[in-house]
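There are two complexes below, and they share chain A, which is joined by chain B in the first and by chain C in the second.
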Partner chain A sequence: MIMLTDKEIVERLVKIGIKVLDDLKKGENPALNIPLRSLRNVYYDENTGLIKLKDSFQERYYFNIGQSKKFMQTILIADRIKWLVEQNKTLSIRQLFYTLKHTIPGFKENTFDSQDESDPIIEDIEVLINVLRENLNLFASSKGVLAGPMTIIDSGDEIDISKLGSAGYGVPGIVEPDVIKFKDCSADYVLVVEKDAVWARLNEDKYWKKNNCLLLTGKGQPSRAERRILRRLHNELKLPVYVFTDMDPWGYYIYSVYKQGSINLAYFSEKSGVPNAKFLGFKMSDVKNFEMPQDSFIKMGDQDYKRLKELSSYAWFQTKEWQKELKELKKFGNKIEQDALVMKGIEFAAKEYLPKKIENKDWI
Partner chain B sequence: MNKDTIAHELAKAQKSISVAEFFEKNRHLLGFDSPIKAILTCVKEAVDNSLDASEEIIFELKRRAFKLYKEYQSLKDKNIEKAKKIKEKLNDLKKEIVHVLPDIEVKVSEAQEEFRIIDKSNTRRGTLVLRKNGNNTIRIDDKELKFERQRVSSFKLKNIEMEVSAVKNNKGEYVIEYSSENIKEKFIGKKTSTTRYVVSVQDNGPGIVPEQIPKIFCKLLYGSKFQSLGGGKQSRGQQGIGISAAVLYGQLTTGMPAYVVSRISPKDPAVYYKLLIDTLNNNPEIVEKGFDDNFSLEHGTRVEIELEGNYLSSGDKSIFEFLRLTSIANPYAKITFIDPFGKKTIFQRTTEKPPKEPLRVKAHPHGIEIGTLQRMAKTTDKRSLLSFLTQDFSRIGASKAKEILKKSKLDPRMKPSELTRNQVENLLKKIQNTNIMKPPTDCLSPIEHEAIIKELKAEFEPEFVTAITREPSVYRGMPFQIEVAIAYGGGLKEETRLIRFANKVPLMYERGACAITKAVSDVDWRRYGLSQSGGKGLPQGKIAILVHICSVWVPFTSESKAAIASYPIILKEIKLALQECARQLNNYLRKRHREQRKKQRINIFVKYSTELVSALSRLTGKNEEEVEVIMKDCLTKRYGDDYVNR
Partner chain C sequence: MIMLTDKEIVERLVKIGIKVLDDLKKGENPALNIPLRSLRNVYYDENTGLIKLKDSFQERYYFNIGQSKKFMQTILIADRIKWLVEQNKTLSIRQLFYTLKHTIPGFKENTFDSQDESDPIIEDIEVLINVLRENLNLFASSKGVLAGPMTIIDSGDEIDISKLGSAGYGVPGIVEPDVIKFKDCSADYVLVVEKDAVWARLNEDKYWKKNNCLLLTGKGQPSRAERRILRRLHNELKLPVYVFTDMDPWGYYIYSVYKQGSINLAYFSEKSGVPNAKFLGFKMSDVKNFEMPQDSFIKMGDQDYKRLKELSSYAWFQTKEWQKELKELKKFGNKIEQDALVMKGIEFAAKEYLPKKIENKDWI
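== the complex of A and B ==
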């Protein structure tokens, strides 16, 4: 994806409409060629270490019963985005949904019934005109939190994020350089933790102060803003990235999203992936090394095994180390949550586990 | 000889009973077992007779026309002048045929109303009878008062014994004040459910020679229709019982004589009879005879029978429904119905094409029963077995007859009446082992599928209708033919209708026992796009299924002629016809479904087009009306009439 000026973005959107009009004039069935956003149409680029989009398209026709409504919705959203860019206003994707939701005149049907309908179409438009949502004045309310020895300029306001107490700095929906600028930063690395609770625990222990690092969480599956800011911290400030998640297929995948990108947003990987990110844990060898008590084990269920099987087949999990990790987890048959470390002592993670792991370079 | 034996004693009670007496005791056999059914049966028998009679003229004129036509064909090249005259005559005859197409008027009117007079303790105290002609009686506690007055809504009467005054209230009941010998009481007169009706049926048929009238209407088992042994002719009645049974029923329930008036030509007077049946001797009893100057038809017959019945104004088993169905099966007949409330309905003819004349056929040797063969051999006038076989049966030629007789080891010159029982049995066996051509089928007169379609369209205004007339087939030596029609949707009601006909007569009762019902139930209608619970029984939906069987001898399950017997070949023929029609219906339903889907598709595209048009216009900066025109043109281009006429 490339950076475009607002004018260029508008031109691309208008072009979609012109093409549809031309097809209609000819009596043809107007079609939108939208790059597919599914596992079938992504590949793992080993050179860059990122998940990328292949070149398969889906045709979306207006004169097709199954696609007619979606086609109309796509054009409605394209029109609304054009308006946003022209007005230079920003909306959340939820607000965008509300500006478009209304009853079709003369029918008992809405243009959109839920945000679940509009969100994927926004992503369609991103790939259709090859511009990221962040440049289309759209954002999703983000949930990520950051803390550490750094000063950020957010829309002109200077914020020292080492002085934000227990809440930390809430990562905004759009973290592009025109909104967020990094000023002073003395951190040595970024530690990403999967869970909010673990982040809060470490923040309270002033882990980032003692270890001179930035502490970030995406609160589970990260949204685009956390991934984007992590990428910028890594690229622009050259900070190494360590990821700490639960020991289960879901945790592993969250790590891979930070590192290589996700399937659905493969076109976003180049903007968000951190191929050099390291997986600290929690991992199979930790169970023994840190003598995790039996009581911290949670039996894996059917869904866990299914997800584990899927993970084993993804191209970006095909390294020796990862295949070994996955195989052992399957054999072990138990999950361990990162929260469980408190069983070893309330400050165990901050004082023992994490420093030791980083010191010993015990990561994947 | 000892005459005091028990056998002698029993013999005193043993006597032959007359046919009329027998039916008096077995009403149900002829369809007079309930008041609802009785009045319908009476109408049915009279209408059947009228239609059969009216057709006789048509057939006679057609025979004459055919003769003239042949004459014309032979003359047209030789004697142009004479041929032209014949042609004119022929044209006149054709006009006359249209003129004599059946025109039947059925009128049912209340002859009298009967009221139960009850007192405060709900005990019956008497009867009030009001007759249309004003011959009224009121009877309370064995005291009777007769009075003449028409249209009674209130009356006051007195004689030496009693004094009554009565007023009709809004419930149709009489509030009666009664006094007799210092007793004063109040009664209520409630209408009883069985009422006396007069059924009157008039036709424009050939009329009946006066001398024959008493016998035809008042002698059971008398008439031209009674079938000869083995063979026969397709007709509505078969035994010659129907109309006289109706007269008998009327007589039994009301004691009133039947009134019959008939005229055979404009030159002859209309002769009327008032007739009763001497039930002991099965003979007519003439009550009165004379000329009826009010009978206005040039030729035709009217019969009026007063009987006790229960009139249904609508429903499956109503007279209205019977006449409606009769008009469907007889599209060339005009039927007028005047109900007891004076409402007139005319079932118009949908065609002026006269029916095909069913020809009389001789017995086909296959399927004949031993008793029949025996009786035929006894009663034949043929003097040798050879001529008996060749002339009394259809499809046996001289060589076939010789082959059969040789196999049976019988002398062709032998007198048929001299055959022993064993010889008859052997002969029958040999006949059955011999290959004989199927019976001729020109003896059948179907309704014809085009006519059925026209009738069903006129009667139900369905969305779709199809009909087929199968090729004739044979059961037990009897030719028969099946016709089936299916009407769907439109003006039909949600309830499935099964319309059964035998020899153009609607079958109104015993649906469950009928071969037609069985055949319909056996079809898996789900295969033809209809719903049917459990794949058995009638299909469900707005659907009418019509099945007609016509035959020289329709195999009814009983004498009340309400249900067809389930012969495998008949079931098979009906099913084949049903399936053929069902296929047609299925094709139609599929086509309709496709069209509906197409319409739904277009509606979807139209629905979203308003949104799409305004978004496109904003997106591209084009004028909205301009974009709308582009969209409409495109829809028209792609979907044409389906879009324009949606």
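== the complex of A and C ==
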């Protein structure tokens, strides 16, 4: 990904305003040409292994009763982002909303009534100028944690993330190279685990130390920051990525978000996906291979079957291996959570399951 | 608080089992005498300023059709906790559930069907042997972040939490003195902020550096770990505590949880409350004093009024100052979120609001 300088970002934003002004001067109806972000403008690119945006656009007009307010909001947000980038300050997307919410003088109308109005427009601007929100100094909450043999420079502070005890390195909301730099790293791979508690268990067992790897969790469905840092670890440090989730449609999908990206943020996938990521498990063949006790099984419910059906239809799950896995899970009719491995012994995941899986390349 | 050694904890657990065995040998019906944790067994202790448990108990009998299963579950969990403490390993409360869930041989009945059954029994055992879950090596997810001029020793790693960049120190699930030690700290006070985004904003503005304090957030309603670490910072390092939340009933309640404790975990309050904590704001007098723009007001809804009424009735909100605050808020009819301060300028909270409030002792 080409990183733009703040100056270049400001130029792109200013260009939007100048075009609007020019249109007005020429007596034309100013329009913004915004790439569509809905499902019908999304496709799976087999060459790159990523979910991408197609090239449909929507025109957003100034002189259009249905679009005029949104047009104004777009310009307001573009203007405020310009101000933010120039000041070199960051704001949460909620705070951005607050800085812009006001009553239009002489009217009873508010510029914005709720954050539901401003968040999608931030995404419009990301695709409009092809710059990630994170480079526009805007962040949302993150929640992930990372540990391993690595030194990170975060806002000028040098942090040895092998020495952060039980806490680990809390992945901040923005992990772009201007804020977060990778200094030294001797890890052989990155292990991503779905859940916080599994991360804590493996961290306590010093899994990453014994296996010389990085250990990351996004605490369930990852936010943008965990996806971005994983991508950077993979691309910049050439580290293989293994993902370990629950054996259920939700866990499989979390894996696919790290790998191919998500439907909702297709334009972000290109900048956050790791197409080479491997799915370690938990998977159907593990049930027998590791002799999982019947007491670890949880009956699948209607929602699980529904989600499983959706997954089976996604283009990025159309490989032979995945179709087999999904079919077998449906037939099996039970989920297994990754936490359940403690039933086999408290250090079973760290000492048996994970090392064997990786050694035997037992992944999808 | 008196810290028990692992040996003493094991002794208390073993005592439970021995009493049950003795009762059985004597031909008596074994019973566990468990302190009640419901609202009617909770009171506000004005002397200590903490929400506490009264002394009602419930008997849990072995030979009682309605209680027999729960009796068995209690013994199973006590046994498994003993095993955990002896091994010196930690588990999440979810993982504990998994290690115990199984089908009883010869029956179709499971020991536990869901975690909703095991979590309350963990709390029963906490009150039964008067030891915190955290000392029983059990944890739930935490989410808080801390930064400031301080060195923490976490599981043997020495961590300078003034050098953790934008990430800060992620408060781990267990912050008891055997895992987390406070080494050096030159801070003058602890500022607790309700929200993540406000924490990030203040961290970026180096608020804690300029004002020589610790900056903590529990990201909304705090989990046990943030409450425990705050209590330890206050008690062990004698640091004053200031809390900064939204101006709404939910923010006020969050403040009261840090200060007096919560109804649900009254027995935990004694070990986590900070009765001297001050409420900095956001509060009604700030609206005028800081000339908050009308656009920062959010109309209160039915749920807000309902919660406000509940708060007004709690014993720990019966001070003159609080009753005045709550009445004024009701009359005002608007909430103000702490994020809204950015409307007054991006660094307004860090450079104007907070320093002035603390200098003028403008708190409740």
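Assume the second predicted complex is superposed on the first by the 302 of 364 C-alpha atoms of A that agree within 3 Å, B and C clash if a C-alpha of one lies under 4 Å from a C-alpha of the other, contacts with A are read in each partner's own complex, and residues count from 1 in each chain.
Heads up, the rule we're going with is that a residue touches a chain if its C-beta (ideal position, glycine included) is under 8 Å from a C-beta of that chain, and two chains touch if they have at least 3 such contacts.
On a predicted model such as this, the values are computed, not experimentally measured, just so you know.
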| item | value |
| --- | --- |
| Partner chain(s) touched by A:Asp116 [first = chain B, second = chain C, both, neither] | neither |
| First (chain B), second (chain C), both or neither touched by A:Glu359 | neither |
| Touched partner set for A:Val14, first chain B, second chain C, both or neither | first |
| First (chain B), second (chain C), both or neither touched by A:Asp178 | neither |
| Touched partner set for A:Asp295, first chain B, second chain C, both or neither | second |
| First (chain B), second (chain C), both or neither touched by A:Asp79 | first |
| In the superposition, chain B vs chain C on chain A residues touched | C |
| Chain B versus chain C as contact partner of A:Asp55, first or second or both or neither | neither |
| Intersection of chain A interface sets (partners chain B, chain C) | none |
| Chain A contact footprint on chain C (complex, rising order) | 84, 87, 89-92, 94-95, 98-99, 101-103, 110, 139, 141, 143, 145, 152-159, 163-174, 179-180, 196-197, 200-201, 204, 219, 293-296, 337, 339-340, 342-343, 346-347 |
| Of all residues in chain A, those that touch chain B in their complex | 13-14, 16-18, 20-21, 24-25, 27, 29, 62-63, 65, 68-69, 71-72, 75-76, 78-79, 82-83, 104-107, 109, 111 |
| For the chain B and chain A complex, residues of the former touching the latter | 600-601, 604-605, 607-608, 610-612, 615-616, 618-622, 627, 630-631, 633-634, 637-638 |
